[in-house]
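Dropping the structure in here first, questions after.
As written, the chain order gives the labels A, B, C and D, with residue 1 at the start of each chain.
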Amino acid sequence: MNGLTFDIAHLLAGGLVLVSFMMLYQDRLFALINVFALHAVVLALSVAWQAYIQDAHHLYVTAAIALVFKAIVIPVGLHRIIQRLGIHRDIETAVGIGPTMLGGIGLVALSMVLMLRVTPEADPLAREDLAFALSIILLGLLVMVTRRNAVSQVVGFMSLENGLVLAATGAKGMPLVVEISVAFSILIAFIVIGVFLFRIRERFDSVDVGALDDYRGEHR
Amino acid sequence: MISSAAVLLWGVAALLGTAVLAVSESRRSGSGTRLIYGLTLGISAAVLLVLASRIANDPVTPSTAALPLGLPWIGAHFRLDALSTFFLAVVNFGGAMASLYGLGYGRHESAPHRVLPFFPAFLAAMNLVVMADDAFTFLLSWEFMSLASWALVMAHHREQDNARAGYIYLVMASFGTLALLLAFGLLSGPGGNYTFEAMRAASPTPLATAFVLALMLLGAGSKAGLVPLHVWLPLAHPAAPSHVSALMSGVMTKVAVYGFIRVIFDLLGEPAWWSGVVVLFLGGLTAVLGILYALMEKDLKRLLAYSTIENVGVIFVSLGLALAFRANAMPSAAALALTAALFHVLNHSFFKSLLFFGAGAVLTATGERDMEKLGGLIHRMPLTSFAFLVGCVAISALPPFNGFVSEWLAFQAILQSPDLPEWGLKVMVPAVGGLLALSAALAAACFVKAFGITFLGRPRSAAVEPAHEVDRYSLTAMFSLAALCLLAGIVPGLVIDGLSSVTLPLIGSRMPVQMAQPWLSIVPIATSRSSYNGLLVFLFIAFSAAAAAYAIHRFASHAIRRGPAWGCGFADVTPSSQYTAVSFAQPIRRVFGTFAFRARETVEMPPPGQTGPARLDVEMHDVIWETLYLPIGKALDFATDHLNHLQFLTIRRYLTLVFLFLVVLLLVLALWP
Amino acid sequence: MALILELAVQGAQMILVLLLAPLLTGFVRKVKARLLRRQGPSLVQPYRDLLRLMRKEVVLADNASWLFRVTPYLIFATTWVAAALIPTFATGLTFSWTADLIAIVALLGSARFFLALAGMDVGTSFGGIGSSREVMIASLAEPAMLLIVFSLALVAGATQLSTVAAFMGSPQVGLRVSLGMSLIALVMVAVAENARIPVDNPSTHLELTMVHEAMVLEYSGRHLAMIEFAAFLKLLLYMSLICCVFLPWGQATAEAGPESLAPGVVAYIGKLAVCGILLAVFETAIAKMRVFRVPDFLGAALMLALLGTLLLFVSRSL
Amino acid sequence: MTALSLDAVAAVLLIPASAAALLASLPNYRISAGLNVGASLLTLLAAVSLFVTDRPLPGQYLLVDDLNIVFIVLNAFVGFTTSVFSASYIAHELETGRLTVPNLRFYHAMYQIMMFGMNLAFVSNNIGLMWVAVELATLTTVLMVGIYRTHEALEAAWKYFILGSVGIALALFGTILVYMAAQPVVGEGTNAMVWTVLIEHAARFDPALLNVAFVFLLLGYGTKVGLAPLHAWLPDAHAEGPTPISAVLSGLLLNVALYAVLRFKLLLAASPEAIAPGPLMITMGLTSLVFAAFMLYRRRDIKRLFAYSSIEHMGIIVFAFGMGGPLANFAGLLHMVMHSLTKSAIFFTVGHIAQVKGTQNIAEIRGLTETHPGLGWALVIGVVAIAGLPPLGIFMSEFLVVSSTFARHPLLAMPLVFGILLAFGALLLRLTGVAFGEPRGSTAPAEASYIPMYSHLALVFAAGIYLPPSLVTWFQHVASILG
């Protein structure tokens, strides 16, 4: 493949990582959701690009799924939920933004180191993709770990899924089963979370997981 | 021709069948009890007959049997050699006696359905342990034995103490089993050759040998009640019904001794000389501490349990001597020591069962185990008290009874020890001899107390009033045991010659033939050095006592007048002025208590002229429990308290755990060369 | 013929100890009295006491059991047997191999066992005092005694008294520290076992200090006679033991034949007399100690014996 | 013949699936309970028939080999007994009103879907498909755990769901990495995900990729195995869900995840340069064992107690497989089967006990052997078995694990023995409290179905005494496959 296509793919994947970083320093829920939408859009682009350069047409489907569901449906839905449940709009962080960013950088470095040990005869694009995907996954986890609100945790989780999609599309000729499963799992995840939000809404005043933790199975 | 091992397996099967039968029978308490104990009695007797024929014909050549059970690619192996024959005899005789006793005693059982099914199972398990010829079968039966006895300990589970006793017992038991498991793991090697043949063939490294010895001391020692692993014993043995206590004390501890002998003397091969030192030290410590605890005890059954610990100590002292001699290639001395140990095993199974039966009789008659509430039973239960007295004399190692013979043999073995080359042994052996003598003397004191407080004097509480003689089954059991105590005491040569077939394969030597000696006397080495003749001693005592009595009744006055006891001018009316168990032990507590129990006495005397009562407070500590076991509990509490926070984290924190774990693993990979 | 002779000798010894025992006690008492410049009872007074007690009626406490009545005979029998088994004037008696030194100690132990039980039978506080103190003393005295036996056995290579005596008589024994220690220990044990001053006072009836007397407080008449007789025998036994082991000279041996018996008897009586005088002097010289000093006293004996044994073990290897 | 066995495989999958559809449409809970039992029985028969019929050639999606037949049959069996138990269990739940009829409709449908998912996970020859199946099973259990809709139940389900989905994601990434490693060697397309193909060429895969992949797979599936420190969902999910689900979770779902881990362990073992999976598994196993053993002491909820004991035993099993070698693998397999049977039996018992006493609080249950002998003694036997006492099956496997370990790596045996003893102490302590002592709580007779629990215990007992040679050779063969 020529340098340009590689650079574009590289750019998009790197952009995805960048957006993940942006998520790390959001402190308002809406902003976070918007950034996530952006994340999804970039993902859609990179997937589409992958589809183009691998001319694997089924990947367009994935791109479309990403665009429609993650960039539009889910953010809108989350906005709705937040309004409906009247969740207070700012994010309570467990760890300060600064340390979180530092940790994020460390994670990216770690994933790079890991993936660069992979023997080079593997397709370089794939290697790059994997490195980025791994860092996105770790960053997503980091978001889940450092945020207290359930919604932001959900968002973090979905950005993690985005990383998976990136990895899956980077993997040449990976059969459709994967994309479907990803979309499938996201769908399930979203539905079930929605179900839960409703049930929880019935019983608690917020979906802040901390409130749930008061109802732990065993009381101290 | 079916091998005798196979026959015995049928016996075991019959016992297990009885256990199953008991599950349904136990509901009908009266007839069910009689049926079950009758069956166990019959089976044990039959097994004893088989063993007897075997001993009579050819005890040495092993008879084996194998079943396609247990570990699939090995199967369950059983082997009947001289050693196991001897211990099987001990087990089944104890079982038969306990069943006989149970025929009467079991009728007073409040919860027969919690005793009857497990009693035959317990017997079967002990038989299996002794017959097992591969590690898996051995351990399975061993732990099954613990389990069955645990169920029997829990028979009266409503009492808090029993539940606690059962708990400590089973935890200690499985600790021991794990130790044995590790020992067998070492013996069998990575290949997993779990048969005893393979272990005999293998020659472990010195280090492995040392480990195996240590693990056996932990495993078998914890079962036998070796200090400091004895703590469960005085809790568990008394908690069970008395005939089961008799089995546990008189027989199960012997099965543990069997395990030790089997592995150390049979499977392990040549021991290092210091192994003798270790065993001697532990044995001596156990003997003295055990009997001291017994002296301080005022619960009759717990006293007996502690004295079991002492006797186990005596046995292990002899075993340690045997090890030392064996390591220094002194086979005849080793044979002497081992014979002493085995003889004591037999004796202890006799008189400890007898004593527990007596305690059970007292328990049924008065409902009391606390000696402070007993007294004067000799008038209400003359036969029981006579049998119990015989037991006391025998266990106090007094001639002409059997207890003395085994202790005498042990002393004779100790006198062989100056030829030992190692300094450790040179210093250790006489010291241990002193400990042995001390424990024997203390045992006498202890059983003077046990008998004197329980049966003599005046009743200390109303519990004694309704007491009456127990049923004939119990009496038969007790008296046959008492007769055996005397018999083994006056014709010890018979037993010793029987044991020679056990020591011969293990040590490669035996004691000189005893029955050839004139007047049935026993001679460890040579007549000029030392000999003992129980029969003549017995006859002399009988003769001179008779002569004296005759002379008295011939020449002296026969007049007898009954009158109140002479209290040196102070006519005391209340029985509470008698010596109690605690006060009887007070002088000895003064001597030994301070270092053994950190005992402290505080006396508050009212000032002169005032008539207020004086108070004497005695504060005693179970040093071993407090220094060894309590800290473990504390550490456990501490650890669990702190770890328990992990149950109460928020989801985010749990995620953090996962996340950190992932990152750590990735880091490891990244830094992987 | 030879067998009959040996049996006769054995029998003679049994009778001899029986006859000599009261005399020895009388002798000790006499000497003590003399040392105190008193006239003192006559030598045969103990015989008279025994006969008088025989003739008196027995007063039994109300709840005395059969054990209480059997005990005196048992005690007497065991002590007598033990005494008869010790080579007094002749070694190598027919039945000397019936029991070695350990067994003799154990025999005395059984006598004590029953005496202690009898003390507790009636159920007065004094019996209890006596028994509990007795077993305490015994629990220290017996180990000491056995350790002494060890060291003797290590020297002589046997626990068989005849052999020991023969060996101690032979020149090869020499003079040994450990033997001296065991001699001292043996004497201390003997003092304690026989309830002599300073451990116990046979002639006291002050309740709180007595041990042996407290146990037999309830006995009277022929029973008391038996017990007293046993006590006499015990004293004799220990003295003859000390003589046999530590002054083994002049004993008749089996092979020496009957003509050596007479000098043996004479020598024996002489030795007894010496020991008796020593005992009397010892007892007059010192005062009785408190009961709870006794453990220290016996502990010292125990330590001495153990030390002696250890020294032997060590010296054997040098 | 092949066709027939293909049908058998298909049946194992189709029966639950169709049953699920049918149950979802059936309003009457009695019929559906019966149907549930029937379907499970059919599945069991189909699974057993896999033994007799010869196997289909491994296709792109389905595979039947010696390894997974063991799992399938065990799965079907416990699934069947559990359905029998649940039939008697839910009736009581309806009476007490904890569940409603629509709940049950949902419950039964989910039950069959779950069975379908687990069977699919076992027979799938495609790591992608296996992943899907495992997740399917997980998500259904999530929904069932939350079925009571109490605060605790919801919270447990929520926790289970969040941690579970993270596990999902990690496992998927691991799967992708495996594909990436395979793709250069095997070539693009489905083949690079077909198990049988992968294992052939594993030697030439990129080790670095495989390493990373294994880490992610171990974490992903390990979360479902319940290995510490990924275990957090397990105790609550067991404690708060309906007891049949607790039984299935402990008895089956953990095995499914374990099966996945084993598959990938084989893959890694087949590639020489990759890190040895053993040490990692040994560490996690020992951690889980000791950690769970400590946690057992402070439990007040009886179901949570046994949930932790499941973690402990999973630790032992993973340790055994980590040790490797014929003895340890055999022991691991045996231990897994025995644990499934015993633990589900215990949960059956506990379920009835909790129903009778109206509480899961250990402190409020006393003297069961007096008041409810049937349940009490079942619990005693079960705990005795799970604590590794003879003559029950787990003793044999623990015997093999400990002795072989001590012979090979004495130092590793120490924490193992320590953990086992620690756990034993805790379980026995609770048992003495619950089964013995002065009775406390309701003494109303229990309308329990004793057949499932006692049949399990009987099997465990029999296995402790005698293992049929055919089974043994089978296990030995599987053990040798596991290397």
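Assume a residue touches a chain if its C-beta (ideal position, glycine included) is under 8 Å from a C-beta of that chain, and two chains touch if they have at least 3 such contacts.
Treat the numbers as computed from the prediction; the structure is a model and nothing was measured.
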**OP:** Using the contact definition stated above, find the chains touching both subunit C and subunit D.
**Re:** B
**OP:** Report the pair of chains linked by the most C-beta pairs in contact.
**Re:** B-C
Original post:
What chain sits nearest the middle when you go by CA atom centres?
Top reply: B
Original post:
subunit B to subunit C: how many Å between their CA centres?
Top reply: 35
Original post:
If you average the CA atoms of subunit A and of subunit C, how far apart do the two points sit, in angstrom?
Top reply: 100
Original post:
Rounded to the nearest whole Å, what is the centre-to-centre distance of subunit A and subunit B, using the mean of the C-alpha atoms as each centre?
Top reply: 69
Original post:
What whole-number Å value describes the gap between the mean CA coordinates of subunit B and subunit D?
Top reply: 44
Original post:
Which subunit D residues touch at least two other chains?
Top reply: 158, 162, 166, 170, 212, 235
Subject >> Residue list for subunit A, restricted to those that touch at least two other chains >> reply: 114, 117, 141, 144, 153, 209, 212-213, 216, 218
Original post:
Hey, what residues on subunit B touch two or more of the other chains?
Top reply: 647, 651, 655, 662, 666, 669
Original post:
Chain pairs in touch?
Top reply: A-B, A-D, B-C, B-D
Original post:
In their complex, what parts of subunit A are in touch with subunit B?
Top reply: 94, 107, 110-111, 113-114, 117, 138, 141-142, 144-145, 147-148, 153, 209-210, 212-213, 216, 218, 220
Subject >> subunit A contact footprint on subunit B (complex, rising order) >> reply: 647-648, 650-652, 655-656, 659, 662-663, 666-667, 669-670
Original post:
Which of the residues in subunit B end up touching subunit C in this complex?
Top reply: 375-376, 378-379, 382, 389, 393, 396-399, 404, 408, 411-412, 414-415, 417-418, 421, 423, 426-427, 429-431, 433-434, 437-438, 440-442, 444-445, 448-449, 451-453, 456-458, 519, 521, 527-533, 536-537, 540-542, 544-545, 548-549, 552, 555-557, 559-568, 572, 575, 577-579, 583-588, 590-591
Original post:
For subunit C, which residues count as touching subunit B in their complex?
Top reply: 54-63, 65-67, 73-74, 76-78, 80-81, 84, 95, 97-100, 102-103, 106-107, 109-110, 112-113, 116-117, 120-129, 131-133, 135-136, 138-143, 145-147, 150, 153-154, 157-160, 163, 207, 217-218, 221-222, 225-226, 291-292, 295, 302, 305-306, 309-310, 312-314, 316-317
**OP:** Would you mind writing out the residues of subunit A in touch with subunit D in their complex?
**Re:** 114-115, 117-119, 121-123, 126, 130, 133-134, 137, 141, 144, 153, 157, 160-161, 163-164, 167-168, 171-175, 177-178, 181-182, 184-185, 188-189, 192-193, 196, 199-200, 203, 209, 212-213, 215-218
